[in-house]
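Each chain carries a letter (A, B, C and D) given by its place in the written order, and its residues are counted from 1.
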Amino acid sequence: MSILIDKNTKVVVQGITGRDGGFHAAKMKEYGTKVVAGISPGKGGTDAGGIPVYNTVRESVEKEGADTSIIFVPAPFVKDAVMEAADAGIKLIICITEGVPTLDIIAARHYAFAMGAKIIGPNCPGLISPGKSLIGIMPGNIFMPGKTGVISRSGTLTYEVVYNLTQAGIGQSTAVGIGGDPVAGLYFIDLLQMFQDDPDTDSIVMIGEIGGDAEEKAAAYIKANITKPVYSFIAGRTAPADKRMGHAGAIISSGSGSAGEKLAALTAAGAHVVNEPAEIPALIKKH
Amino acid sequence: MKIHEYQGKELFDQWGITTVSGAVCRSVDEALNAYDHLGLSRAVVKAQVLTGGRGKAGGVKIAKNREELALIAASILGMDIKGYIVDRILVAAAVDIAAEYYFSFVVDRNAKSVVMIMSRDGGVEIEEVAAKNPERIHKIPIFPFVGVPDFLARKAASILFDDWNHIVQAKEMIKKLYRLMVDTDASLVEINPLVISKSGELLALDAKINFDDNAMYRRPEIEKLFEPTPEEEKELDAKAKGFSFVQLQGEIGCMVNGAGLAMATMDLIKLYGGTPANFLDIGGSSNPNKVVEAMKLLLSDTDVKVVLINIFGGITRCDDVARGLLTAFNQIKTDIPIVIRLTGTNEKEGRELLLGTPFHTAETMGEAIKKAVELSARNHVIVHQA
Amino acid sequence: MKIHEYQGKELFDQWGITTVSGAVCRSVDEALNAYDHLGLSRAVVKAQVLTGGRGKAGGVKIAKNREELALIAASILGMDIKGYIVDRILVAAAVDIAAEYYFSFVVDRNAKSVVMIMSRDGGVEIEEVAAKNPERIHKIPIFPFVGVPDFLARKAASILFDDWNHIVQAKEMIKKLYRLMVDTDASLVEINPLVISKSGELLALDAKINFDDNAMYRRPEIEKLFEPTPEEEKELDAKAKGFSFVQLQGEIGCMVNGAGLAMATMDLIKLYGGTPANFLDIGGSSNPNKVVEAMKLLLSDTDVKVVLINIFGGITRCDDVARGLLTAFNQIKTDIPIVIRLTGTNEKEGRELLLGTPFHTAETMGEAIKKAVELSARNHVIVHQA
Amino acid sequence: MSILIDKNTKVVVQGITGRDGGFHAAKMKEYGTKVVAGISPGKGGTDAGGIPVYNTVRESVEKEGADTSIIFVPAPFVKDAVMEAADAGIKLIICITEGVPTLDIIAARHYAFAMGAKIIGPNCPGLISPGKSLIGIMPGNIFMPGKTGVISRSGTLTYEVVYNLTQAGIGQSTAVGIGGDPVAGLYFIDLLQMFQDDPDTDSIVMIGEIGGDAEEKAAAYIKANITKPVYSFIAGRTAPADKRMGHAGAIISSGSGSAGEKLAALTAAGAHVVNEPAEIPALIKKH
């Protein structure tokens, strides 16, 4: 098993005729993901590498049974694209696009929530249930099926961790990149609970970074609700205060969000906190 | 994106939020002219720097008369506040304050919405109030599609004030302030202190506004208010080239793909006893031009003793990355030792391509960083010997 | 509140919704002038009446040339359409229609929101389509705080059209139409037919707009478009006096407190074989002036043979109501028999006050109505004998 | 028992310093209703006939424990008043004011619904659980406690019916005037189900009128879900088509909403339909 997506998940790619949308739609299809449709307003009726293109998400739901959407449209159009997907009955919306105005994502998330849809991202690499479905821009070949769930605020750092796991023979049930923006969809707590509930996940790797207090909140949640072992790495211990480190998320602000506080909270919650990503596989094997 | 208080107050004026008129001055003479021109008696002089804690640092003072103004202006101009040199001050009428309050709209990560934050304990560091007396801070989340209707503004105003006249003034101000936030894509609009003057008027005595960088494409009139520091200029230049760059004070220049991996690289450098010279995320492509530009950026820092290139090849394969690096380094001549770590898809092919080059290569992140730290220490010794 | 098609089209123009320019004409001469002035060749002539089914009634015709226009204008002006006499026509260029569609925004009682309704079967009576082919009608509810974002307009447009050029035109039109609905407090904005011309242009060939009477206080520019019929004038006069009044064709004048009770009173009059002359709800007070005004209104109808006053005394007690009636009838002299039924709080006291007056009193509604019907029949006979 | 309100219901009167608000606040208090507060922005701290006045509903909830609100504010302010009550945590909002713009009530209702609050009205006489609580403008003295639930779109017609019931010794569990506006809060179906679920209601009287198709929808619901006997009177059988009869609700439109259709639907659903209100008590006694 896995969380959120599996081999039956039917994906529609919003923005399939853009450069990134087209490239990753093909990659996902190649991985084995059921990419059933693409959306590109004005290009309905055409075909993108064997994937039928529609003008509206509604058509992809009605005609192809799409239930999950991945969004590559340019940032100014993300709000509308998320709302369109939620309105059309899509239940999981993965937003890859970066640079989305915060007030746009607040509105889109609020709307999607009211329509019963979950969002992952924006500014995230997507998610993968290895061997079943890849919905994102992750390199599928570094993953392998298994029983470790991965949650991460960072892209390449996730690959680094996963690569270490896979090299050590530790497969992943699902790996989710939640994105680094100040306001995002599914976050640590939501996903920790899903992995806790997933019978085929035995352990959870959580990769955090400085900025915000999501890791501290996650630590409190782990203490209260998570019985599976959690392994954690937090990036940014040496980052200077009040500096942006790539994402907007990585800001130390208001005495909250420093790596030290996060590490302390996670350790106190019983999570296994590591100094370098490479330590994780050995720790998992030990337990 | 941050702007100065005086710029924030200009926006307040435009959106109809009552504040205190003043003048921005870059010299004592300008300050004295402003004093005369505005017909002031008691005046407040405020350092205009893009950081908090001005008051504590002595950057905000009251002048009782013209003579005192000259002295105070002279003392504040040129002051160093948390590394920011004061090059301009705001001179404005000093208000007879009856009471001070705190009010802000801010994007809240946990509420995943904009929240209104208010407190009757204004004029002080609100973080301290939050830590010691959290019950004195009130937060009201805003539904994005609903915004701030009358009742919500009235509710917030009546949390802050008891007097109906003050509530009515605050209600109007709160609605305008939210309008300003939405119209300009601000991520923070803060008034501290918000005051009631002795004559019963509600006044925004400060204006702190941050904007959402991601939204500036649709707010050109706001974007042009931005005044980057020389350091920020460098970061912006990098951004224009597709990098995310932050200058630091260490010796190991880093070039990494991905922000999280870049931060982890810095962390491990420190862990192994070295010092990172920068944060540099070059993003996801293998374009040799990008590598050339990144190397130029790193080598422009004379403190850099070693360059560490840490690339995880995902969608972009390691052999393509290696080819890109080779092309790039045909154009760059440097004596600085370079450590390259390539992992991920086609990593063996990638590393083979680098065999026989002057680059130090490594398989794991730990190995690469150990080598870079070692080289930087050795290089150190060489420099000292020379 | 309803307005004419030509007024609706003027609003469409103001809100940027593409329609066909034309001219309102009140005579054949005006129609011919308009024909020349607009430089028309084929022209459409449309009766401007505040009712549906004009087309079926022969109120919409195409004139192939100037001569035909004169004939058609003459035939439509003065026409009686469902009791409305045509006093003006709209003369406009006839469009070469490629296809007809239906589109509206309407307040929906069940959805408790505004809904968009659309169908590819335009130009016909949409109720028939709804009855026979409900699957050809699409409804989309609108969230009040969200309105019609791009995606929703695009979705609706793509339900109506296949051609992307048409979808884009329709998307823009739909957003503007919703703007119009909200900005004017309309309860219905309907375009039937919405057409694609042979040159590929989207055009609103009709414009039916109803407005929410309750909101007209904040839409004075819309309210002044209202042209009441003489009948409606009478109803509006009544409304200004605090009554709700509808003129009917019967013999028993009714004065009742409350709309539901007034309707029930009419129903029972019919049930017992009489005919109500009107619907008159005088509301909840016992003010004698109101009774006087109401009686004047009833007695101005020469068909009225009997007046039935049916009052339920709730918050206003029956004795107060009785006193009000007595005061009022001191000012009114009439030979018309008056039946009064008072029930509710202090009903006995109320009825006692009416003892010894010329009024017929009754305890129950049934009893009162039976008496009124009986009296109206008798009065009938008297009139016939006279 | 009763539905929606009982002797513990704590009422706040929004618009208590207006003429109607003040008058009916006093009447309700006199009836025994727990009127705990009044709202009048700008008059907070004063007193209205022994009832404390606040500037905001929030204060009445925090300081007096108000859980139910009755609104008398002028029509232009109703939208804001309903939203304020819902935001403050009020769970039942009764709106007496007539002449409220439809788009305002649509927005206010949507907001209240999202906040978990129920609305009755606008343009309604309120509701009463005889002997326990009167929240509205109904004449309390004509009601008596008992086991018949009453739902009505009309004011004085309700009084007529209730008066007949009371005269015949048939008491009421709760009587609700749902109002005659095109868009309103709780409606026939909601209340039918509440009466069905209320162990102390034995029979239901439903008073409808022409316009809309709420009675037809109620009929279908009765057939499917209601086992208690339903007695119904529909006003407006003789009303001419396309005419307003006092309320906006009373319009015959689009072949739907005529009295004939409503009567037929209710009869087919097994409701006892009467020709005049006075027939109801005898019918109830017979069953």
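Quick note on the criterion: a residue touches a chain if its C-beta (ideal position, glycine included) is under 8 Å from a C-beta of that chain, and two chains touch if they have at least 3 such contacts.
The structure displayed is predicted, hence computed values, not measured ones.
Student: Comparing centres built from CA atoms, which chain ends up most distant from subunit B?
Tutor: Between subunit B and the rest, the longest centre separation is with C.
Student: So how far apart, in whole Å, are subunit B and subunit D when each is placed at the average of its C-alpha atoms?
Tutor: Each chain's C-alpha centroid was found; their separation is 56 Å.
Student: Find the geometric centre of each of subunit A and subunit D from their Cα atoms only, then give the gap between the two centres in Å, rounded to an integer.
Tutor: 49
Student: Need the CA-centroid distance for the pair subunit A / subunit B, whole Å please.
Tutor: Between these chains, centre-to-centre, one finds 27 Å.
Student: Subunit D: which residues touch two or more other chains?
Tutor: Where subunit D meets two or more other chains at a single residue, that happens at 111.
Student: In subunit C, what residues contact two or more other chains?
Tutor: Residues 143, 145-146.
Student: Should the pattern of chain-chain touching be classed as line, ring, star, complete or other?
Tutor: Its topology fits none of the listed shapes; call it other.
Student: If we use the touch criterion from the header, which chain pairs count as touching?
Tutor: A-B, A-C, B-C, B-D, C-D
Student: For the complex, which residues does subunit C have touching subunit B?
Tutor: It is residues 143, 145-146 of subunit C that touch subunit B.
Student: Give the list of subunit C residues in touch with subunit D in this complex.
Tutor: Residues in contact with subunit D: 107, 109-110, 112-114, 127, 131, 143-145, 182, 185, 187, 212-215, 217-218, 244, 246, 248, 256-264, 266-271, 276, 279, 281, 312-315, 343-345, 364-366.
Student: What does subunit D use to touch subunit B in their complex?
Tutor: Within the complex, subunit D contacts subunit B at residues 41-42, 44, 55-59, 80-81, 83-84, 87-88, 111.
Student: Mind listing the subunit B positions that touch subunit D in their complex?
Tutor: 146, 149-152, 154-155, 158, 164, 167-168
Student: Can you check the complex and tell me which residues of subunit D touch subunit C?
Tutor: Against subunit C, the touching part of subunit D is residues 27, 75-76, 99-104, 106-107, 109-111, 137-139, 141-142, 152-160, 163, 180, 182-184, 207, 209-210, 212-214, 217, 233, 235-240, 243-248, 250, 254-255, 259, 275-278.
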